[in-house]
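Next up, some structures in structure tokens.
Two complexes, one shared chain (subunit A), two partners (subunit B, subunit C).
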Partner chain A sequence: MASSAARAEVLSLLRSLLRTATKFSDYNIREYAKRRAIDGFRDNRGLTDPSSIAAAFADGKSQLEVAKRQAVVYSLYAPRIKSVMEAESP
Partner chain B sequence: MAAMAAVRCALLSHLRVRVESPAAPAVALSFVHIFRRRFSNEVMGSFLDKSEVADRIITVVKNFQKVDPSKVTPNAHFQKDLGLDSLDTVEIVMAMEEEFGFEIPDNEADKIDSINVAVDFIASHPQAK
Partner chain C sequence: MATAAASRLLRRALNPAVARRRFSTAAVAAETPPSPLPSATGEEEAGMVSMKGVRISGRPLYLDMQATTPVDPRVLDAMLPFYLSRFGNPHSRTHLYGWESESAVEAARASVAALVAADPKEIFFTSGATESNNISVKGLMRFHRARKHHVITTQTEHKCVLDSCRHLQQEGFEITYLPVRPDGLVDLGHLADAIRPDTGLVSVMAVNNEIGVVQPLEEIGRICREKGVVFHTDAAQALGKIPIDVEKMGIGLMSLSGHKIYGPKGVGALYVRRRPRVRIEPQMNGGGQERGIRSGTVPTPLVVGMGAACDIAMKEMNYDGRRISALQERLLNGIRAKLDGVVVNGSMEHRYPGNLNLSFAYVEGESLLMGLKEVAVSSGSACTSASLEPSYVLRALGVDEDMAHTSIRFGIGRFTTEAEIDKAIELTVGQVEKLREMSPLYEMVKEGIDIKSIQWAQH
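On to the complex of A and B.
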């Protein structure tokens, strides 16, 4: 990453994506959003070309907006039964 | 007519409600409430014991997939000792937020780069549960 300001911005974007991911009420979507955010950043960690870094960052930003909006929409249709993965172990 | 007026007057004086006397204790009571609220645990939060925080943070870090649990020590640095990168550090700090039930602001989260720093920050944070 070129400068430390850009680096902090990128980490902050990942943090926002992970925070938004926790807001999904459905277990599968929540876990997918988290996994997808981490994988996306990991896939692009080797980018050096400034224009491709900017493109990846812009893509992440637009995905964050999508995730925020969908978290609200899906909260209206929250599953009534929890996933078995969320069951407390006895 | 005069008799009616006298009766009415007597009745009204009997029914007169004293306003001042109950008001004073109410004010005093609300001061007590404010005082209690201000210093109660629900509002101010309470500080967790440092050794308990350290134990819970070490458990969080050990549960992280990429970390070798045998390498986790109370003084471990995420990047130097545990071989994690900045993306992993973000993940670990998020896991700590989940564990302690509060949100760590970005500028504080950026400073957390080792178990020691995390313990100090969370033990000094009143909202940590």
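On to the complex of A and C.
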């Protein structure tokens, strides 16, 4: 069972992933990053074995690093015109 | 003879502290941010894109995953260091740049091998699935030209396989192009009958790029193993999407592509079985790289990208597969709820869900595509859409000419959203209804006239 300190850490990681996801300038990548983070955490919610929890957490942290770097790269090369999906939504 | 001023100038130039001051953070902050990319499209003004006479309000939503896929950000992250500081040639044996490049290539090789349950020694990197197909078909047959003169393939193969076979025909080999059933699957009885003692190769693609049909690889592999013929499969569209096991499927040669699994363009791989050994003649001669099978410097960043893409595909195959199946159902049901006369080309049961090829009756294909400007889809395959001929794959399925002309291929992928599917349904239904409204043929059908019974006037 995850202690409350570990639980807070896990939630903080998810929040960071979602915050980084919103920084992507590409519509498809942004939606995928949000969706995959939420689904990934939901699928792993039932983990009880501490080593697999640690492995999943470490994997999440490394994905966060990748996402942070790539959000910067994508914004450097963002096309001036957005996707039609964004042009419509308010 | 240095004057005091000259020596002061020299001291300033050589003094690193002074030089550092010139590049202080204040100076950098005052610089303007990098200017936006030069516009690649025709014009971009007031939020509109205009190219080839088409004006749209934004970049189209992408539903053409069989043509190519976007590079996954995790793949790009793995590739970038090899374009920046780790730029060495993997074949340089004498320094760190070469060693780190080589170790990255070998790690990528292991990733590709793991995805197909092969040994890394059986994977060779090429420039793409087209090159791998060429090496497989021509390389194998030319090696065995003394005793093997026959190749069996299907009528729905990719152009590069068919073209390589045609080339072999000019060299004196005999090719059997097996027909397929109306659902796109190859008939196993016909295949077994077609095998002769001098058959060297059977080539059947795993997942068809136009109609998405999945061939029965295990059964074909079993037949080929029994008869002692090498089984080659073009798995460019299948890699990372359906589980591939070279042992269970008895595969001897396999072509893989990087840019169909969210990797970079310009790289692919070839699987060549070692036990029992499959011998091929190299088609690219040179310095003997890739164990002599394919000479040429191995492009480290591209290969690392393909390896990363395979790693991701292995982890995400189930998640992506479930999602894409649900999206395909949503698309098909959404279109069928509003339109009749919609035909799916190819078997529904033996299908990769990310590929949906639909024909809309009483509608002309080119005009439908021109109306769907905000959706990036294709009709026929990218390779053959330059000509006005209906796709040879649909013709091999026995689809009527008029239905073949009006086929649209929707490609769903990892990054497709539900909102995009809903918008695609809305745009497609709207466009088809508009065209049918204008179509005199459709009026006749509504009145109950059977179009096939009409005697068109002879000119």
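One rule holds in what follows: the second predicted complex is superposed on the first by the 86 of 90 C-alpha atoms of A that agree within 3 Å, B and C clash if a C-alpha of one lies under 4 Å from a C-alpha of the other, contacts with A are read in each partner's own complex, and residues count from 1 in each chain.
Following the convention adopted for this analysis, a contact is a pair of C-beta atoms (placed from the backbone, for glycine too) under 8 Å apart; a residue touches a chain by one contact, two chains touch by 3 or more.
The structure displayed is predicted, hence computed values, not measured ones.
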For this session: With everything superposed onto subunit A, say whether subunit B and subunit C fit together or clash.
Result: fit
For this session: Report for A:14: first if it touches subunit B alone, second if subunit C alone, otherwise both or neither.
Result: first
Problem set entry | subunit A as apex of subunit B and subunit C, Cα-centre angle in degrees (nearest 10) | 130
For this session: Return the chain, subunit B or subunit C, that is in touch with more residues of subunit A.
Result: C
Exercise. Between subunit B and subunit C, what minimal C-alpha to C-alpha distance in angstrom results from the superposition?
Worked result: 13
For this session: Spell out the residues on subunit A that touch subunit C in their complex, using ranges where they run on.
Result: 24, 28-29, 31-33, 36, 39, 63, 66-67, 69-70, 73-74, 76-77, 79-87
Exercise. In their shared complex, at which residues does subunit B touch subunit A?
Worked result: 85-87, 90-91, 93-94, 98, 103, 106, 109-110
Seminar exercise, completed: Residue positions on subunit C within touch of subunit A in the complex are 34, 36-37, 39, 41, 44, 47-49, 56-62, 70, 73-74, 76-77, 80, 319, 374, 414-417, 419-420, 423
Exercise. Which bits of subunit A are touching subunit B when the two form their complex?
Worked result: 7-8, 11-12, 14-15, 18-19, 22, 38, 41-42, 45
